[in-house]
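Given below, in the form of structure tokens, are the structures.
Presented sequentially are two complexes of subunit A, the first with subunit B as partner and the second with subunit C.
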Partner chain A sequence: MTRPSDEAMLDAPFRSAAPAGRAGFGALLKSEWTKFRTVRGWLVALLVAGLVTFAVGALSATGSKRECAGPDGQPCAVHIPPVGPNGQSVTDRFTFVHQDLPGDGTVTARVSSLTGDGAAPEPWAKAGLIVKADLTEGSRYAAVMLTGGHGVRWQYDFTADAAGTTGDAAAPSTAPRWLRLTRSGDTIAGYDSADGVSWNAVGTATIPFPGTVQIGMFVTSPDHTVTVQRFGGTETNSEASQAIAAFDNVAVNGGAGDWADTQVGGDDGGPGPTPNAGFTEANGTFTITGSGDIAPAVAGPEGNTVERSLAGVFAGLIVVMVLGSVFITSEYRRGLIRTTLAARPQRGQLLAAKALVIGVVTFVVGVITSALTFWIVGAIRRANGVNVMPVSWQTDLRVIAGTAALLAVSSVFALAVGTLLRRAVGAVTITVVLVVLPYVLAVASVLPSGAAQWLLRVTPAAGFAIQQSTPVYQQVDATYLPSSGYFPLSPLGGFAVLCGWTALALALAAVSLRRRDAAA
Partner chain B sequence: MEPSIEVIGLRKRFGSTQALDGLTFAVRPGQITGFVGPNGAGKSTTMRVILGLDAVDEGTALVTGRPYRSLHRPLTHLGSLLDAAALQPSRTGRNHLLWLAHSQGLGVRRVDEVIEQAGLQTAARRRAGGYSLGMRQRLGLAAAMLGDPPVLMLDEPFNGLDPEGIVWMRGLLRSLAGQGRGVLVSSHLMSELQDTATHLVVIGRGRLVADTSVAELIGEASGGRVTVRTAARSEATAVLAGAGATVSSSDAGTLTVSGLAAEAIVAVLTRNSVPFAEVSAHRASLEEAYMELTRDSVEFVAAATQESAS
Partner chain C sequence: MTAATGSRPGPELLRALHSEWTKLRTVPGPATLLILTVLLTVGLSAGIAGAVSCGSAGCQQDPARSGLAGFALGQATIAIFAVLMVGGEYGSGMIRSTLTATTGRTTVLAAKAALLTAVVLAAGIPAALGSWLTGRLLLPGNGFTAEHGTQLLGLGDGPTLRAVLGSVLYLALVALLSLGVATAVRDAATAIGIVLGLLYLFPIMVGLVTNPDWHRHLQQIAPMNAGLAIQDTVGLDQMPIGPWSGLGVLAAWAAAALLIGWSVFTVRDA
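Here is the complex of A and B:
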């Protein structure tokens, strides 16, 4: 491009040498990304966020050793909890009176009584009919049963649970109750009946058992748990319980061999012995005593969740939120916001570009950090004898990606609050108080669980629920507390609360950015 | 030709202060317009309003006929330097220009061009936090030139420059205007604009005090006065007064004469044999012209008083 000489210029209009072109949202993104990557301190902060997440997790992992001494000071046998068909940790301990079932068949029986050991049965004490792949813990099964307080249930493969057709939650059906279980190809079906004449289907399951399976009657009864909550902590006491059930009118179609009884899961499968477990038969009436449970495992003193490895995320989260705030407040502090807004006057777009840049950057760093931490710290915990309850690989991935999303959305939340307040100190304080503090108070059991649960529903800290790997199971009575990894909201529900807060903050930030002068 | 910048009836209040009070003026292409007034007169506020950074209560500001905020790739329409210190200290000068370039869809080549134009080659890859004020002004100027815009707007660009830098800045501004660009340069020191601005917009307390060409202003301020240096002061005073001139003496040996042209004064003194060393037509400096202009301006005096009181 050549320009006319100065003398000839006087009345000639100026022509810009800048290349023509457009600069859309992509150019704005590129600009904000350039801004971010050219401040070394911010890149270092990302590294620090990753390191503290790992370090806090690793420290707490090396600190939590599970030690167990027998009566004579010898090390006691470590019970390795079984893994169910979906890859998750399960409890599989019961008294099983069984025979072979080579092909299709049916078992029918009437549960004539179900009691506890000199007391009312546990609400989730179970007595019923089961078909199971084999006698090893964690193998696939389907069962129809009468429970101590929840009527007739249809359950299979540990996690599935459905109510029977008679009775309801207010007046659950009780003994005596007729039950029937059929195997027809891969289809297992359960029925119940009040009189043994008219039968109702309770549920079906498709389980491709390989060849001969075990079919028969089972009895089990979960630990009796008492939870005391007070300020400063929650105390849970549990002791083994027993159920005794009588079965009559027992009829097997297609079975082979005699009745045998097996303590599936062994006698030492949990806290407390299982005295008198076994069965007696007299005049066609089987009296079976059992203890344990056939159910998904619940995190607590005996088993820790996989996401416990990511216990340091709250520390990384603080760093990431400082970064999110400073990404905008540093511009106000230096007056640079005026340069930025002179270059891109569309203020809503600017906020969107900044949010996208900080969100994507923290997400990518979050995925790397949480994946490495998850596996390395998890390995340290297992090496220390901690029972890390396995879950399916899909759940592993969701915990890792969810943790990264938690970091990303929190940094955007901090950016929005920083835009509103224009000052880093205020923005960081507010976001830490809203996101991190409720989580720490709840998880460290500082607050009574009612208050903790309430905080984890309404504050952005609800987003930590995305890390929860094991759901709350209605068929397992336990104290589901934040301290053992249970949040009051579902993983996506809790995350949606955090996203809601962030969307609100972004909307307010956009309005205030548009309305106010671009003053420092 | 369409004005480079046009400001019409700007009014803006900050709390109880009327920062802009019906300000109207225009900046023409191809010349440097000095934007002068004491600190607090509203120069920076006006510039922020032109850039769409601050909202006004009333009035409009247009850049080549359009509101700034409606411009696509605004840095290719108007380059501005508001505050040279507005930098992220840990970012290098070059990276500062790079994100600005990216925001306009421009590439790294244009960045290196303006770095060279601003004479920042050696400093560009250092952190901006370590720059002297002069280097920051150069970086700010490079940023303003990034989009090769037809209009430039610079707030106090001479601040912090050493004498060499001031000469460089003047030369650069003149050449930018020479290329046909409209240039608006604010300053609270009139002397900085000497030999630079060809047009002046003077404001005080948010109001227009004068909108005039520099030549006109100096001509008026000079007012046909003539300086006479002579040893015979009283005789000279007598004969010149006799010839109808008004004479005042500024110091021993120097008289300021008005009402007679320099040639007539020489003739009168020679005819009366009054010796003299020098007779010269007085040419007011821009500073003097400015003082003359603002002496009677209520807005200005009040603003200046307030300024010195604060």
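Here is the complex of A and C:
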């Protein structure tokens, strides 16, 4: 090795004679990963994040034991909601006047009146024609119906709902109304008509029914619910309601046997008086009384959604936010940032490497934590008598992975804010206040529902929507509140809001990292 | 050395107070945080007072609570302030100079706690009065009127005055709780995580637990839920905990945190 002359040294900037480090992004990732895994406190923090997530979930599950006693102290019957064809929890309770349908066929009837029990019918009281695989709760069906306040509807397999072509939302069709339902192979089609002469197609569905099915008329009426906003909370009261409908001009093609009536779902699956359900027939007019609903089940304030098992994620979030901020701010505190930047002058890449390391690490820990918590806490809740509403396995997976993603993105958010502020305390506070406080204000405080919904749309707390397992159904009137697990944005939409905040913070952090002197 | 400081506790405490005051007053951070506390508290109070409304069915909201709701946010900046008073010194190594200058560790902690209380009270009063004033201006426009059964009362009314001044005490107790936690764990980031967790996680838990007994007990022991009971002026008989006993629960949390902090601080090497 020849020593450069003094003159050359003055002219050229100093270059170390040591071999240059590998310049790839992979090396940078490796060095950031080494920094992370060699600090014992951070690994402990990851463990703590997992443990508190589990502990808070387990504690709230233990505190949510369903205690139900009748007037004489006897345990009350628990009605376990049936599971529909898509694997989700459903309500399936109605009065069914039916006969066998071995093959193809048609049923036609005119709904001449639909009333409530001495009152106007519930908006979603239903009277119409249905073809159903069998008489058990939760079996597949397709139905065309007249409703109390939403005109003619076409519904099948609990979740599908479409409005009839005639009558608009402002002036929905009312009784009398002609309805027709046909089965042709696997195709079920519904029609409606004002006069029984000219028919409009309302909808079709392809359902491969096995052999003989039940076809006929049905009437049902959902619970009447009233929601009252009280000091620091919302109270929902519901009571059973009834609908009474008269059908005439009933005609069946391809049916077999006589008319029989069945209370699908039992006489009364819920609280309140058993309705006087059944049917009478006089001069070809069938008068049918029914109570219940044929619809997807909806989560209530008692907390029976699957994601409630993962409620402890709030505690885990605070821990990973501390971790995310400290991952960068400790470098400033200890002056390590100067070494880091000397080794890797591309500051944008440094931020990307740190974000990737902290994001992937929290995601992996988050997946393990939320999967274990999901199953163990879920089992505790079921053992405590909570009717955890089943959902499809895809939704289960989305809730688990979404919770892990929530932890990961939040830690990256905290890292970005930490890079901007260079102080962990401020970064932790800002991220916790932005992510957790809106949720606290929305579910547990004085805010009216409009303001609460607004907060859960625009703040990073919108991201909690990724945990929502049951969607809002237009065909079920219920109080869809954040405290029951319903968010104003869709799961991915809400999560995108959180990601947007994180991307914005990362961009600002990258600019600040590039422009500002690291030692200042 | 211990004997010498023990013989003159008064002057040493005064000197410690003076030096703590100098540390606070000569850097811009603390003053900014206090101003931010006032602004955030009044701002969120105004926002919530502007959002709540009273229907014709009558008000289901406590006017004092709605007007003073900003303390849910203001407590966060106060927590930063208190955590940095100790945690900041550990971060910069300043704690060694502090403990060289004042060797009695109890004195150091007492001076910090006393000064913190005084400063937070001073910041809390404008925050509380400002929030109350915005509520007073905004709430009648949202239906909080005598026709809807809600009388907005002035500061001369006992419960209203208690809610306003009690909110100031609430801030001071949150500050002392944070000071205790920061002294115990010594790391500012961890301390703020613990404090915010204690404050914000309990209300979420309260919303999740459905067993009525658990629900009530959680509200009685949660620092934020119990402490903010001091703002209740309506329907006191239905509340899980009374105003002063609620503030007492928060005081117990603060005392416990300070006690743990003090015992660790006096024993452990800085």
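Quick notes
The criterion applied here is as follows: the second predicted complex is superposed on the first by the 487 of 520 C-alpha atoms of A that agree within 3 Å, B and C clash if a C-alpha of one lies under 4 Å from a C-alpha of the other, contacts with A are read in each partner's own complex, and residues count from 1 in each chain.
The definition used in the following text is that a contact is a pair of C-beta atoms (placed from the backbone, for glycine too) under 8 Å apart; a residue touches a chain by one contact, two chains touch by 3 or more.
Since we're looking at a predicted model, the values are computed, not measured.
Touch criterion met: A:343 reaches subunit B, while subunit C stays clear of it.
Contact with neither subunit B nor subunit C is seen for A:258 once the two complexes are overlaid on the shared chain.
In the superposition on chain A, contact of A:34 is made with subunit B only, not with subunit C. On the side of subunit A, the complex with subunit C involves touching residues 56, 59-60, 63-67, 228-232, 301-303, 308, 311, 314-315, 318-319, 321-322, 325-326, 329, 333, 424-426, 428-429, 432-433, 436-437, 439-441, 443-448, 450-451, 483.
Of all residues in subunit B, only 1, 29-30, 48, 51-55, 68-69, 71-76, 80, 82-83, 85-92, 95-96, 98-100, 102-106, 110, 143, 147-150, 175, 178-181 touch subunit A in the complex they form. For subunit C in complex with subunit A, the touching residues are 48, 51-53, 60-62, 65-66, 69, 72-73, 76-77, 79-80, 83-84, 87-88, 91, 188-193, 196-197, 200-201, 203-211, 214-215, 218, 234-235, 238. Across the interface of their complex, subunit B is touched by residues 3-4, 6, 9-19, 21-24, 27-28, 30-32, 34-35, 38-41, 330-331, 334-336, 338-346, 517-519 of subunit A.
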